[in-house]
Amino acid sequence: MGALLIRDLRLAIRAGGGFGLGLGFFLILCVLIPLGVGPEAGRLASIAPGILWVGALLACLLSLDRIFALDWDDGSLDLLATAPLPLEAVVAMKALAHWIVTGLPLVIAAPVLGVLLHLPGGAQGWLVVSLAVGTPALSMIGAFGAALTVGLRRGGLLLSLLVLPLYVPTLIFGAEIVRRGADGMAPATPLLLLAGITLGSVALLPFAAAAALRINLR
Amino acid sequence: MSLWEYANPRKFMETSARVLPWLWGMTVSCLLVGLVWGFFFTPDDYKQGSTVKIIYIHVPAAMMAINAWVMMLVASLIWIVRRHHVSALAAKAAAPVGMTFTLIALATGALWGQPMWGTWWEWDPRLTSFLILFLFYLGYIAFWEALDNPDTAADLTGVLCLVGSVFALLSRYAVNFWNQGLHQGASLSLDKQENVSDVYWFPLLVCIAGFVLLFVALVLARTRTEIRLRRIKALESRERLAE
Amino acid sequence: MLRVQGLCVARGGIAVLEGVEFALEPGQALVLRGPNGCGKTTLLRTLAGLQPPLAGTISVPQDSLAYASHADGLKPMLTVTENLAFWAAVFGTGAAAVAAALDRMNLAPLAARPAQNLSAGQKRRLGLARMLLTGRPVWALDEPTVSLDAASVRLFADMVRAHLHGGGAAVIATHIDLGLSEATVLDLAPFRARAPDQGGRRDAFDEAFA
């Protein structure tokens, strides 16, 4: 299992743009929004939690179809499915690799972008915490969507259509944590709910995704 | 004889062909009675005026929007467990019907909301949930359309429906958490105290029965079409194989 | 070791082969022959467990079959050694096995080269070298000799022969003569699935309309 993770990370680094792409997209989004909305600090501060979370979500979405598509095209997925690794573990490892390449850099870079958007200082910590807790769910749900659409030639757009509604609860609780942090309220409740979604996704979705892969490989 | 025999496509086609004309008749009469009674023979509400009468469309449509998804979930489960093709095709057939009901509920809600709340759209938890439900329907239908192999499509959309149901439910609670809304409480409940008054209640019941019948009739008719399409597809691929 | 009885396999829900029967003992190889599209790949994928058979049984000890498809499953960004080391780790064979596999398929001089810089034949050799790392006794190989030159085909035949002498077995779909004296040839043409109106099997859905 470790070998699969290392291979995927190595591929992401060598293919170029693995680590940088999602992050660059996130940055561009956080630059474009003030250009569209206007530079007023107060207005930006009030929408910053939402923008940062929607940005993270879209940055995550951007690289989802690569989770399984490359392995599908070159036949590795056939071979992995007949290897002694359970397919559920393959899914979980690939989602983890996706999170390390996409989610983790967002978590680390988020405070800088928070400053750009005038996010109040008290909310910065909660932004990092909420992204750290929530982005694994985004990767896992995304891996499920990628497993569903892996056999489709032009699955990219459909993948967004399928995955984005599934992101709704994660987005609501994630942004709520930051908003409460900014308003000086206690964010424990949404934080626990978000953690619940992440843990539930990580525990159950590998089975659904592996089932979808098996159906697609048939 | 077991209920599952109706899952045999031929048996299903025979039975549904016999049942459908009656079903259409009942649907039309229920809807006619319910809507005419509701629109013309009930008093105006003292607060909401005659706009209240839109509940005869709004409430049944909203109920069926959710029930249609539940029916799709049950049908998908039956397909996944028992591999009855008719069940998978019924789930496929129900999706556009459910989506249309969702759209009707949203549109009538907007029409009602304008005079009552002074706005066409409000990010109220109920309205938002319905919008999200609409997105789920959209994804589900698009996914069916995108897949070529009918069995693969049935399996994958079944998995999507299962997982989607969990997330739809989660979204419902998340949205409640996100915003407390303007929407009034349930119009119907088993607790008589909370119900709308009897004058509106009886025609509403007839309308709900009409919408349920309409849903069943539409789904049966669409399932028949899907079965025929599936049959054509099977014949075509067999022909290609024989060449 | 591998026993197939009354096997019926389907592609896209339609039966393509029916009544396939064969058995392999250690040291035996079976060469599958048949025109394009007759279902060789489908049969091998079914043997590998990637798709369920429509009917019939495949008895093979658990985790003893290794499958190689048309595609080699190589990562162009990784070197030859890295590609093999990954599969060695997945199948739990060691680094020594990687070196041995490189030698066996004459890839040692290319060990540090990224797979994207290999020729088609070299890629194929790398894909076949993976089989040596699986440590599994039954090989299912789909068109293994595509894009191999004559010398490489001999190399591959030697590899299979050594595997058979070591107590392994192999099912190979191929059109060319590998010169394997151990191999029996199975022509798939007679097993072609008949149309339902000519006495072939029907699936449950069509049956309902008969």
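By written order: A, B and C. Residues from 1 in each chain.
Just so we're on the same page, a contact is a pair of C-beta atoms (placed from the backbone, for glycine too) under 8 Å apart; a residue touches a chain by one contact, two chains touch by 3 or more.
All values derive from a computational prediction rather than experimental measurement.
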| item | value |
| --- | --- |
| Per Cα centroids, the chain farthest from chain C | B |
| Chain nearest the overall C-alpha centroid of the shown protein atoms | A |
| Geometric centre distance via CA averages, chain C-chain B, whole Å | 48 |
| Chain A and chain C: spacing of chain centres that average the CA atoms, whole Å | 37 |
| Whole-Å gap separating chain A and chain B, where each centre is the average of the chain's CA atoms | 32 |
| Touching two or more other chains - residues of chain A | 218 |
| Contacting residues of chain A [partner chain C, same complex] | 2-4, 7, 10-11, 14-15, 71, 74-76, 78-85, 217-218 |
| Residue ranges of chain B in contact with chain A within the complex | 132, 135-136, 138-139, 142-143, 146-147, 152, 155-156, 159-160, 162-164, 167-168, 170-171, 173-175, 177-178 |
| In the complex, chain A residues that touch chain B | 141, 144, 148-149, 151-152, 155, 158, 161-162, 164-166, 168-169, 172-173, 176, 190, 193, 197, 205, 208, 211-212, 215-216, 218 |
| Interfacial residue positions of chain B with respect to chain C in the complex | 8-11, 83, 85, 149-151, 230-231, 234, 237-238, 241-242 |
| In the complex, chain C residues that touch chain B | 12-14, 16, 195-196, 204-206, 208-209 |
